[in-house]
Structures are given as structure tokens and as C-alpha cells.
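By written order: A, B, C and D. Residues from 1 in each chain.
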Amino acid sequence: MAKIQTLSEAVAENIKDGDTIAFEGFTHLIPHAAAHEVLRQGRKDLTVIRMTPDIIYDQMIGMGAVKKLVFSFAGNPGVGLLRRLRDAVENQWPRAIEIEEHSHAAMANAYEAGASGLPCAIFRGYRGAELTRVNPNIKFITCPFTGEELAAVPAHRPDVAVIHAQKATKKGDVLIEGITGVQKEAVLAAKRSVVTVEEIVEDFDDVHPNATVLPFWTVTSVVKVPGGAHPSYTQGYYARDNAAYLEWDKISADRETFLEWMREHVMNETPDVFATRVAPLKVQG
Amino acid sequence: MTAFTPTEMMTVAAARALKNDDVCFVGIGAPSAACNLARLTHAPDITLIYESGTIGTAPDVLPLSIGDGELCDTALTTVSVPEMFRYWLQGGRITVGFLGGAQLDKFGNINTTVVGDYDKPKVRLPGGGGAPEIAVSCGEIFITMKQSLRGFVDKLDFITSLGHGKGGNDRAAHGVTTKGPTRLITDLAIWEPDPETKEFTVTSLHQGVTREQVSATVGWAAKFAAEVGETPVPTAEELEVLRDLHARTKAAHGGGNE
Amino acid sequence: MAKIQTLSEAVAENIKDGDTIAFEGFTHLIPHAAAHEVLRQGRKDLTVIRMTPDIIYDQMIGMGAVKKLVFSFAGNPGVGLLRRLRDAVENQWPRAIEIEEHSHAAMANAYEAGASGLPCAIFRGYRGAELTRVNPNIKFITCPFTGEELAAVPAHRPDVAVIHAQKATKKGDVLIEGITGVQKEAVLAAKRSVVTVEEIVEDFDDVHPNATVLPFWTVTSVVKVPGGAHPSYTQGYYARDNAAYLEWDKISADRETFLEWMREHVMNETPDVFATRVAPLKVQG
Amino acid sequence: MTAFTPTEMMTVAAARALKNDDVCFVGIGAPSAACNLARLTHAPDITLIYESGTIGTAPDVLPLSIGDGELCDTALTTVSVPEMFRYWLQGGRITVGFLGGAQLDKFGNINTTVVGDYDKPKVRLPGGGGAPEIAVSCGEIFITMKQSLRGFVDKLDFITSLGHGKGGNDRAAHGVTTKGPTRLITDLAIWEPDPETKEFTVTSLHQGVTREQVSATVGWAAKFAAEVGETPVPTAEELEVLRDLHARTKAAHGGGNE
């Protein structure tokens, strides 16, 4: 049953040291505000799952909050490499992190299996790919009807899923529109969930019958954080802040610059700052 | 005749290889420019799919990422990412997938994972993303990459995605039934796999490019087909449409960056 | 690539004697008009797949067109048993039919696997259920990570899927709204597909971005047949003809009554009759 | 006190067993009436799910089928049938599933497949539909059936869906972790499984019903709990809401049938 809370309450109640957390959002709707609150509350030893770690995990890794990363593509989208992640993997700064690396297909199937209550996913994957050598969580099973070999990976079953969405109702039902990514699956696969939204509305009576909706009883905590996906975007609300993605390449290039930036823009800020960040990026709703 | 850059030649050559009834899995960068150039010239009905779930998209400007809002706004429909990988990619509905990477070998195997040892990498690259399954599930694969000794290597540090494996029938030996890389389009030439060995051989040189230039920028002994053609230069229309596309893209995205 | 055709052309080109065909539509959007055309064209020895055979397959079985039935629930929805199906199974009239019987979960998963290009589906199913004894197409595999036993069934890969939908574009893209059932999966799992629709429109530009749409290149044949789902319903167009479902219980109770009714209402009719049948059932669009 | 029918008593007793935070997988007939009665009385926030994909539905009239348009019109959202069985039922999100059938045994196993031999059936019944997985995936199962010797049998002709199997720990031995049938609500009584043997025992008799009536309508030696209560009769409000629901249903569907 969803509680409507503040971001501070939602993170304090749902995210603990050592938890396995999936922050999801595929280019669109990346839950940056929630991740910043997790850093402010000083969570550590997290196992973080995400198809595309990008800036959100570059920040968490750079701040030393991450023990293990489960992922499939670690780039700064449209810009380049993730420099804090590289520093952690190549130089163990600020700490060593474990890596469990998959393909997108494996990650998407693992979320889907988690949402389906299955222990594993099967798919036609990884043929001739060397990740099978370095990731013991990739196995193969044989189709009992055709004899074909299919790849198998364990289902994702995170302790917590954290996502950003367009709207919630007062009861806590959540609406996701546009590029919906793996967020519905991540929430359904997780034990708990924190959902930040742009706005809270009376009901979804005017919404398309087949829209992507998470009922209130599948969500643990709903928080209104306008702009909470910045610098990614929220369809119908504001555009991607491309300058911030380009700027990140420079900020993250140097440890001190990074730490200074995080102090100023994350550690000493509040969730309210996100609304002001997206103000110049508004689009027609 | 208009002057053109090697990158423009590469993009135009890739666009020409696409047909009106193709269904393409598009990546960011050169593939995105090539696919949209094809759509705006000879292949108006081509279906462009980005792995974010956007199907039948027709962006007016090139996207910054595979999940730009513009892709969703102009798509016929947008599906979830699990559905994209299950029903659409694994379902065998994609005729052409584009790949590129940090390292490529002569059989079209690609590395986008690490330079150096996996556990102690010299450079930690982004990783495979969709590539391991794009490489085996699409009808065929087009590779676009600029030639360089750093990128075109004799031996990959890591095999992120399968091309023709060790050559010959090795791809089939992995239980893969799709064609794999059928075309490598670079800034210098067009390469196609030898029908027997599956090693890439140069079948067409771009205007003004010599065999020596091609050989000097790959880390193996480059082979040339019995008949090597010359890639027709970009037409005025192709260049105009491509440059307009880039100009619109710069105007749209540049504005947001100031 | 979809062709826009007449129903007669679509059936003649796509459906052959001996084919395996899935006519789908879950209570909603059942493609009755297409099934009638198949009967008029005299197709025989068909293997028909459908979660809920209901009236549409009761008619096809009663007319002797069916060799084998793959299904999970064979009732007249809200009314009772299917009398022609019973007559075929219990008395081999008008011919013996083979039965391959599954649960709904197995059928839905088998379509999903077919759409996904997989040879089989795995799910947590059939525990303690006796269908495992009589259906050799139910097997079990072991999860390579947890050791849990999971049920496996072969993917559905019909020769042809036949569905009814609300709208198509002039290019042949198809829109399904409301209770979408397994129709998208059935079409994507099939080699060919015939889709009847209420209307053909210019484009889907005004449709929700995440609506259920089949692109034109996934569909073989699109046919405009207003009312083509009667006596089931089409959301936004016309209501279910409940009287027809009740009447079917009487028509199907007797072999001669059945044959006479089929001659009059199916064999000597044309697809145009469906529009007149739904005229009194119209709803606000 | 208002007079009421045994079917009304059965429906009311089933409705009362539902809680405000339950998520119910609803079938047509008595379960649908019971679930909607609960929603319209003591459990306004109850979530009703029909296997057609409608989630959080609140129909004004009872549906004729599990896929009526009214269910979709009033639902929070409607998902595909594969998703319903994968994410929602198998995902373990349903707290209460309703089942009934042609034959029931004393351990709550159910037959809706055939009377007689499977290959040469005397009566070919509809089959399992969702039941085999509803029976094992829902948190618990409520069974509603009218008692009769034909329906309440000592041995099923076919086990369509698992109840407590052969009793005791047999359900767990099948690898099933959910509770299974926790309540059998008939026109005469409420039965609950014995904690040890898992055999249904009568825990409450409806008003005016004798133990002899109960025993005479089941095909096994009926057991009674140490303490057998009397089911509270329907309240005036329960009857009024239920009858209004049926009247609205008749008006809506009857009209369409003329």
C-alpha cells in the first residue's frame, strides 16, 4: 500500500546500508533526485542494478556508496565513458567495486522474470560472447522439446526499486508514459519501491485503458519531486538537459572537481532544487 | 562535384545499403545518421527501431541518445524494453542491425568491453549493451567504423559480440543461423566477408583512397576482392539531405546547450 | 507487409487445408466474420488453437473443419458448455477430433514464447494438476540457479493468426484497445496473419504512445469488416450480443438445428451481414 | 428479519471473508457477486482482478463474462493476458483466488475437466482455464459451491486443480508454498480445512441447516469441528446491496437480450 511521503522519509524508511537497489529509467525518467537523497543520507555498501549506469551511478560510485554494480552498458549517453566508474574499476578509487556484467537482453529478461515471480529467465543469448567466461551467473539450459541450448540468468529481485514517473493518484497509483523502459518490471520485481513523480492527481480516469500503470498496492512510497529526473527528461514536462551531460564529462574527469561539485550540488542541496533546474527546459504538457 | 568528408562518404555508403522494406535496429552516431538519411532519400518506408522501445520512429533531428523524447513522439508505437528485446529483437523481426565498437577483428567480432585484461582493465569501456544479442538475432549486421590501427586489431582483447568467430562455419557452430556481418563500411572503403573464409575483404574503395591507405590502417594483412570497385561519390541530393539533417540537429540540440 | 484486401481474398491467400490457425480474442474482439469465411471456403483438417474455443470453434468443429483442438477453457462464456464440441469429443460427430489441453497460463506463455522467437516457455505451473498425465507437451525443467522445477510447454507457432481489431491505418498498422488478450502475441507468433477491423484510418498520430499497435510489416492481410466480432463486442463500437450467446445454447443442442442455422446464417451469407447485426448494439465511439 | 435464499447466504458469507486490502482473482457467478458485494459494503478499497487483464475494476453491474467491456471501462488499467498470468498471478500478487467446479473432494481438489475417463468422457466439461495456476499461485483459495452428491464426491474423475492433494503435507510435497483452500462456502455451511489432516470440516452452519442436511449432500463422511457456530444471517444492508446489484445487472443485460 503506497504511502505519500517526503523524499527524506521515503529513503529513510526503505533504503538501508547493504541493500540491493535498482534505480531504473531508460534514458528517460532517471530518478536522480532520489539517488541524491540516498547519498545525503549516507547509505553505503549498496549493490546497485541498472541497465545503463550513466551519470546517476557514476555519482554514487564516485561517492563510495557502491559495493557491487550489476549492469549492461556503462556510458554517458551520447557523450562518452563514465569516468568515476572507470576510476573505481581501474584504480579502486574511492573503493574497489565488484562487477556483474550482462547484456541488455539478459538484464531486461532478468527484470521480466523477477516481475513474473520466476527464479530465472531463459533467452536466446550470449552465443559466442565472452561475458559467459567472466560472469558465473550466465548458464545454459536445454529446451526439452527441441534440444536447443538457451541462455539462463537469475531473475533480478532487488530489495528496492527506485523510479521516477509522470503522475501518481492520491491513492498512490503510478502512471508511466512514453519510453517506459524496465521500470514497471523493476518495481514488480522488488520487495519495496520508491517512486518520485512530477505531480499527484485525483485519479487516472482520463488515461488510456492500456497505459502503463502500477496500482497503489504494488508501490511502497510515492513522493512528489517536480523535476526529479533532471538532467534526464520527463515526457510531457521537460526536455533533457544536454548541457549537463556534456558538463558531467568535465566534472567527473577529476576527483577533486567531482567531490567539490557533489558537495555543492548534491550534499548541500534539497530535493526542491530540481524544480528550478528544469524550469528553463519545460515543454508543452 | 561537391566536396565531402570521409565521414559523409561512410554515412552515405551505409545509407545506400538499406532497402525500403528493411527493419533496422539503429545505434547512435553514424548508424543513426545513415538510417535517417536512407529514410529521407530512397527508403521512405524503412522502419527504424531504437532499443529504448520506439518502433517506426521518424525523428526530424538526430537523437542524442537511443531514448530521446523525439523518438517516442514520432514513433508508431513505443514498447517496454523487455518487450523490445523479447518480441522484436529475439523474435527475429529485425532485418539489419548496426554495430561498431572500440576494437574490430577481420572476422567482424567486436570488443566494446575492456582494453587489457577483464579483471584488471587498462581501459574499462562501456560494455556490450544490446550488442551480444543484436549480433546474433538480426538478419544481417552492418558495421560502421573509421579505420585505425587502434580499432582494427589482429586480436581482440575481449569478444563482446560475435561476428564470424574464427571464420568459415564458426558462426553456425555457435548455433547461430543469421548472416552476421555482411558489410563493413569505413571512412576509406567497403568490405564484405569472403564467401568461404568469412574474412573481410575490400570490395570497394572510396574515391581517392589507395590500397596502401587501407592496409596501413588495419592491424592485419588486408585482403582485396578479385574485383575492387570505386564507391560512387555522394550525390548532391544525398549530401544536401545529410547536411540539412545535421544542421537541424545542431540547431535543436545546440540551443539547449547554451 | 500488410495488404488491404477483401475477406474472401485474405482467407483464400492465407488459409490452407491442414493449417494450424489461432483465432484469438479474449471474450472481446473475437473474429467471427473471418471464421465464417473460412467455413464458406470449405477449409478442412485444421488444427485450431485458442484459449477459449467458445462459439467460434463450436461452429467450426460442428461443421467438421477441425482435425485438432489446442485449448484451455471450452465453455460458452456465461452460459454453459459447448454442445458441438461435446458431440465431437463424446460421439465423434461429425468427426473425431484430437485434443491438446492446457491451462490458461500455459497457453498465454506459449503465445508469449512464440512471439519472442523461443522454442518453449517456462512457468510455475501444473503443480498437482492431472493434465500433466494426459498431455505429453507438458514437461519440466530445473532452474540452474535454484534447483526449482518449472513447467515447460512448446511455443505456439501457428501458420496463421486471425484476429479482429478496432482500427488499421491505410498502410496496415493495427490498433487494439481495451481487453487486448493474447492477440498481439498470436500475430507475432504466427507465420501469417489476417486482421479484420472496424475501420481504416489515415494514421495513428492521435493514439496513446504506448497503445497496443502491430506495425504493418508484422501483418499479412488487413480487411475492413464492420461488426466482424459479432456476437462478441468491440470496445468503443458495439456491445456484446448476449441474446445470441443464450440462443446458441439452443441452436447447438441439436445437430439438424445447428446445420440449418449454419446454412442460413453463415454459408449463405456474406461478411456484410455483420454490420447489420451490430447496428442495434452500437455504443458511443 | 428479512427472508433470504441459500445462494444469498453463500454469497454474503463469501463477501464477509474478504478484507479491504485483499487483491482478488475473481471468477464469474457467485465469486463475482461476492467480491463486488464486499467492495460495495465493508471493503471499498478491495482490488478486483479478472483474468481478462482488468486490474482494479469496479463494475456497476455484474459482468456476463470475465471479459466484459464494463470491467475494462471501470478498471484502473487493463493488461494483456500473458502479462496477467505472468506478472500478476504467477508474480504472487493475488491474495485470494476463487474457485468452484463440477466436482470437489474433501481436500479441496477440483475437477472441471471431464466426467468419466479423460479419453472417453461421459461428459466433456470446459476444462481448467486459469484454475491449475490460480490454485497454486494465489495466497489462499476460497471455494464457493452448492452442495450436492453429484458435486461433492469421494473421488474426483480428474484432478484439474490442486487443493490439499491427499491431505496433510501433500500440497507442500508438490513444491507449493501457498495456503491453498482455506474456506469452502456452500449454500448450507462454511467449511475449513483441519489444521493437521487438511480435510474440510464444517465450522459454521447457516441458519436453520442441520448436520444431517450437510452430511446427506456430500459423498464422503462429513466431519464437523469441535465447535460449530451458526453463520450470522445476512444483514439488511448486505441483502439490499446484493439485490440492488442483481437488479441493476438484470436491467442492463436483460435489456440487451430483448
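To be clear about the criterion, a residue touches a chain if its C-beta (ideal position, glycine included) is under 8 Å from a C-beta of that chain, and two chains touch if they have at least 3 such contacts.
What you see is a predicted model; the values in this text were computed from it and never measured.
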Exercise for review: Could you put a whole-Å number on the gap between the CA centroids of subunit C and subunit D?
Suggested key: 28
Review point. Just curious, how far off is subunit C from subunit B if you go by their C-alpha centres, in Å?
Key: 40
Exercise for review: Find every residue in subunit A that makes contact with two or more other chains and list them.
Suggested key: 112, 116-118, 123-124, 148, 178, 180, 185, 209-212, 235
Exercise for review: Return the residues of subunit D touching two or more other chains; collapse runs of consecutive numbers into ranges.
Suggested key: 72, 78, 86, 90, 137
Review point. How is the touch graph of the chains shaped: line, ring, star, complete or other?
Key: other
Review point. Got a list of which chains touch which?
Key: A-B, A-C, A-D, B-C, C-D
Review point. Inside the complex, what are the residues of subunit C that reach subunit A?
Key: 116-120, 122-124, 137, 139-141, 143-146, 148, 150, 152, 154, 177-178, 180, 208-212, 235
Revision key, fill the gap. Residue set of subunit B touching subunit C in the complex reads 21, 23, 47, 55-56, 72-73, 75-79, 86-87, 90-93, 137
Point to revise | Contact set on subunit A toward subunit D in their complex | key: 1, 112, 115-118, 173, 185, 188, 204, 207, 209-213, 215, 217-218
Point to revise | Residue ranges of subunit A in contact with subunit B within the complex | key: 26-28, 51-52, 71-75, 77-78, 81-82, 85-86, 89-90, 101, 103-105, 108-109, 111-112, 123-131, 134, 148-149, 178-182, 184-185, 212, 233, 235, 239-243, 245-246, 281, 283
**Study point:** subunit A-touching residues of subunit B, taken from the complex the two chains share
**Key:** 28, 51-54, 64-69, 71-72, 78, 80-82, 84-86, 89-90, 109, 113, 118-119, 121-133, 135-137, 158-162, 165, 171, 174-176, 253, 256-258
